[in-house]
Amino acid sequence: MIEMTNAPIDYHALTESVRSSQSGAVVLFLGTVREMTEGRRTVALEYEGYPQMAEAKLAELESQARSRWPIDQVGIIHRLGHLELGDISVAIAVSCPHRKQAFEAGQFLIDELKVSVPIWKREIWDDGTTEWVHPS
Amino acid sequence: MIEMTNAPIDYHALTESVRSSQSGAVVLFLGTVREMTEGRRTVALEYEGYPQMAEAKLAELESQARSRWPIDQVGIIHRLGHLELGDISVAIAVSCPHRKQAFEAGQFLIDELKVSVPIWKREIWDDGTTEWVHPS
Amino acid sequence: MLHIKLFAKAREVVGTPVVEIPWSEGQTVLQLKRALVEKHPGLQPMISRLLVAVNNDYAADDSMIQPGDEVACFPPVSGG
Amino acid sequence: MLHIKLFAKAREVVGTPVVEIPWSEGQTVLQLKRALVEKHPGLQPMISRLLVAVNNDYAADDSMIQPGDEVACFPPVSGG
């Protein structure tokens, strides 16, 4: 399951969708809106995406991950729009026979998502200013 | 939250309990009952624990993890008793400011749990035999 | 005419999510970037970082763009 | 008397979750293991792998056990 959505992410349903008796390990990653970044206070984030290309790029990442690890099921949901502190911006769930594979595949997927999937975020700071985030 | 339980694990509540606006990353690990192990078919697992010592050892592991990573919240639940295929035997949730920390801490906790926490499992194979699992 | 979707800061500085650029066969991504900046000088400060996607894939400066291609232009991504 | 909790295969071969061993000050984990095997020969095949915990922590063979200690004996763990 690969999805871009404006609605809150139901990571419980996502996790259930990857569980399987063929897998001994499930890893779920959630990215959430953090208040403090290098001493500055965020009040909200705005995510903008290019959904059609984002879904294509996520499907490519899934293929790459499947070629490297014996993945059973994988699900990725990225939220777009206005997010408040603590909200979930991205959820990635992966199931594999063994735990090391699931951890590695999950980390690969979120690392690569941040590099290649066309989604952008804008910080809304507590002083009222906004700023497009540059990748680090 | 550290808990040993005979009831099904509510990993959704566990995950919610570690979410926080101070953290940008949550990693959840689920261990689930896998059907096939080296060509043999499992029909169920029985987990036995020494709950008092297990909770003490898990609290130690939490302290060790907190000394290595800037963990915000952590929760660990291990189930005991009779588990069917696909059931969740263990859930570990951890929140950290950044994702790499959360992945590393989550993997450390499950790796060490398997080494030092007094819990034992017995395979019930599809030929009706049972076998205490030796650590690999 | 080529319709170019803009995203994030590129969309913001141009002020619209889609722009049109006159186009003919045999032109490259680099020529598109130059045409965009000429028409929308607000993009000039970010031109070295601008990315172009053609048919949902990243395209290098020397890639050709055909008139019917799906084209988008945007800064480096920052999702997750 | 020392009450020793047994778990997993150790419990299974002995047939009961708690056993009693006569005990006095100044004896070690190794002496406990030998006393257990003497009383319950079914433990003999696994003695080299048996672990002893005293007051909820793993104890080495040369650790002393006091009469009031909480003591458990079990094979290597396999949870998760």
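Miscellaneous remarks
By written order: A, B, C and D. Residues from 1 in each chain.
In the analysis below, a contact is a pair of C-beta atoms (placed from the backbone, for glycine too) under 8 Å apart; a residue touches a chain by one contact, two chains touch by 3 or more.
Everything quoted here is computed from the prediction, not taken from an experiment.
The chains touching subunit A as well as subunit C do not exist; no chain touches both. With centres taken as mean Cα positions, subunit D sits 48 Å from subunit A. Taking the mean of the C-alpha atoms as each chain's centre, subunit A and subunit B sit 23 Å apart.
In whole angstrom, the spacing between the mean C-alpha positions of subunit C and subunit D is 73.
Touching two or more other chains at once are residues 31, 110 of subunit A. Annotation for subunit C: no residues touch 2 or more other chains. Chains that are in contact with each other form these pairs: A-B, A-C, B-D. Within the complex, the subunit C residues that touch subunit A are 5, 7-9, 11-12, 53, 56-58, 70, 72, 74-80. Contact residues on subunit A toward subunit C in their complex (touch as defined above): 31, 47-50, 52-54, 56-57, 78, 89-90, 110, 113-122, 132-135.
Residues of subunit B touching subunit A in their complex: 11-12, 15, 19-36, 85-86, 95, 97, 99-100, 102-103, 106-107, 110.
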